[in-house]
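Chain naming follows the written order as A, B and C, and within any one chain the residues start at number 1.
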Amino acid sequence: MTAPHRSGQPDVLQVRGIACRRGVALLFSGLDFEVAGGELLCVRGPNGCGKTTLLRCVTGLTRPDDGAVLWKGVSTRTDALAMHAGMAFSGHLPGLKDDLSAEENLEFALRLRGATVSVEQRREALAAVGLEKRRRLPARRLSAGQRRRIGLARLSLDPAELWVLDEPLTALDDAGQALFIEFLDRHLARGGLALAATHHRLAPPSGVVRELRLG
Amino acid sequence: MSRDLQLAWRHPDEAVLTVAFFALVASLFPLGIGAEPQLLARIGPGVIWVGALLAAFLALPGLFAADYADGSLEQMTLSPHPALGWASGKIAAHWIVSGLPLTVLSPLIGLQYGLTPDTLAVEAASLLVGTPVLSLLGGACAALALGARGGGMLLALLALPLFVPILIFGAGAAEAQATGLSPAPHLSLLGAGLIASAVGLPWAVGAAVRIAVD
Amino acid sequence: MNWFYFSSPSTFYGLAGRLAPPSFILAAVLAAAGLYLGLGVAPTDAQQGAVYRVIFIHVPTAWMSMFLYFVMACYCALTLVFNTRLSAMMARAIAPTGAMFTFVALWTGAFWGRPTWGTYWVWDARLTSELVLLFLYFGYMALANAFEDPRRGDRASALLAIIGVVNLPIIYFSVQWWNTLHQGSSVSFKGTSMHVTMLAGMLVMSFSAWMYAIGATLVRVRAVILERERRAQWVRDLGAA
């Protein structure tokens, strides 16, 4: 199912025999995989095959019907908070408040993640994604791509080891996509790991890219 | 919690609307029933409580709906903080913009009904203890009804029956005071309810949110 | 005996099918006996006259309304803790029967109240809390069916049912905690304040109600199982046979 070459680092995330049904339809069952530091695992497959559901099962948002997720060898059923502390999730929904500015959104999102980040770091991150002039605008006045860029700034400041990304390139222009690849590459080079559902071919220069096909 | 308060601060009209609704409902009764002073003093405590309950109820759908729609709830569920913390925080923020203003305003409405000063004090005290229970119970129901068909009606069916005991004890306290009895038993029952729900319900809210984002 | 054998919907479907008819038969026999004792044999009450005979329906249904809620909440707790499928289906199957008993208890109470208290309804603690119980059943059923994904309905309504459990002791002890119009219980473990045939009639009626509840729940849970498992092979085999 997955390409044989690995990063050689120990497995941080292990998924064992996971199964999920939606209504009466079985999406997947008996799925096993593991992700180690420096690795990016891309989940691929046609629309509706359960990519998003698989990601949500791994994060713990959705309760799988069978199987277990192990974070550093400990089942998330015994200790979900340990995994949540080391994981950043970026889903279809941005988690942004329209009434708050880009800067405030970033501040609250990071505080929720338990990260201590200085004002300068926040401004730097917003500048890196090209939002320095718009950081005081309420999020409702930003375009879809600009809102995704706030998410990128959040990822870049989040100390999480694992990134779980659902269609991370949606609504981003070419420059934004390049920026994302750059961030992802830096994350993998630092020994981080990532799990992404995407239709695009992600090829960060450093790091091992593996694939998981569904459906 | 501070985020919720900041959001509410940016749009104070919602909190103002809650309070305005409360004042309006309370003033409809004298117009509908007639402004006989004895009658008003008799029904005052109950009317104020019903008004506060309805106002608190109307503020419920906004408690989680926006966070549910924009994905903030997902991020909260996945945060490294235990659900107990942020669930209590959100409910506390909700109470500060709904229950607390109602409590503060209640003596003013009570004056319109010709309630005596000590009845006013007991009424405000019962609201102070009772409205947090309403926020806790209502918060749990609002979280359960997220994403369900039937929206507001369903929420009413879930929350209002659970509000009934709080209404009985809350209005009972002021009424006992007005009729010369001790309000202490009612108030202590309300207090017991507050402690029990403060212990148990934030957990239930967390569990309900987890079910909702599933 | 392996209990997990019957926790699978497919095996429980068969078991429920075998248990339901005897439950109904037993319920009918007990109801006939209970009504005979209650309406024929038991003496007329000195104070209340023949009106009191409504208790042979009223008391058993009121007991069952609370007991069924408790059983339902237990199944709901199982659902939330162990994520079992059958327990959620059982809870869903119990709710309508529980609501029916609650309604009958309120209804018969009103008929008894009219000649005895001079009114169909008073806002007394027990009546009010029993009414709240009826709305809890309604709320449970509405919430369970309000979601696209039935499993989500299962879990949300399970949590609601568990929150609602606090109402049960309020109903049960309301006549002791508050001075209410509703009379206190005549039956207790220390001895009863009623004629032995009255007691016998009431107990027999209670068992009848119990058996009916079991039968109705089993029939309903079979329908729920079929609906949920309609894609499963064993249900298709059932249809083919």
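Rule of thumb we're sticking to: a residue touches a chain if its C-beta (ideal position, glycine included) is under 8 Å from a C-beta of that chain, and two chains touch if they have at least 3 such contacts.
What you see is a predicted model, and the numbers here were worked out from it, not measured in a lab.
Visitor: Centre of all protein Cα atoms: which chain's centre is nearest to it?
Guide: Of all chains shown, the one whose C-alpha centre lies nearest the global C-alpha mean is B.
Visitor: Looking at B-C and A-C, which pair shares more C-beta contacts?
Guide: Most C-beta pairs in contact, of the two: B-C.
Visitor: Could you please state the distance in Å, as a whole number, between where the Cα atoms of chain A are centred and where those of chain B are centred?
Guide: 38
Visitor: Centroid from C-alpha atoms only, then distance chain B to chain C, rounded to Å. What do you get?
Guide: From the centre of chain B to the centre of chain C is 32 Å.
Visitor: As a quick test, compute the distance in whole Å between the mean CA positions of chain A and chain C.
Guide: Centre-to-centre distance between chain A and chain C: 48 Å.
Visitor: Can you list the chain A residues in contact with two or more other chains?
Guide: In chain A, residues 63 touch at least two other chains, as defined above.
Visitor: Taking each residue of chain B in turn, which ones touch at least two of the other chains?
Guide: 214
Visitor: Specify, in ascending order, the residues of chain C that touch 2 or more different other chains.
Guide: As it turns out, chain C has no residue touching two or more other chains.
Visitor: Chain C touches which residues of chain B in the complex?
Guide: Per the stated touch rule, the residues are 137, 140-141, 144-145, 147-150, 154, 157-158, 160-162, 164-165, 168, 196, 201, 204, 207-208, 211-212, 214.
Visitor: Along chain B, where are the residues that touch chain A in the complex?
Guide: Going by the criterion above, the answer is residues 3, 6-7, 10-11, 66, 69-72, 74-82, 86, 213-214.
Visitor: Name, in rising order, each residue of chain A that touches chain B in their complex.
Guide: For this pair, the touching residues of chain A are 59-63, 81, 84-85, 87, 89, 91-100, 104, 108-109, 112-114.
Visitor: Quick one: which bits of chain A touch chain C in the complex? Just the residue numbers, please.
Guide: Per the touch definition, chain A meets chain C at residues 22-25, 63.
Visitor: Any idea which chain C residues touch chain B in the complex?
Guide: Those in contact with chain B are residues 80, 128-129, 132, 135-136, 138-139, 142-143, 146-147, 152, 155-157, 159-160, 162-164, 166, 170.
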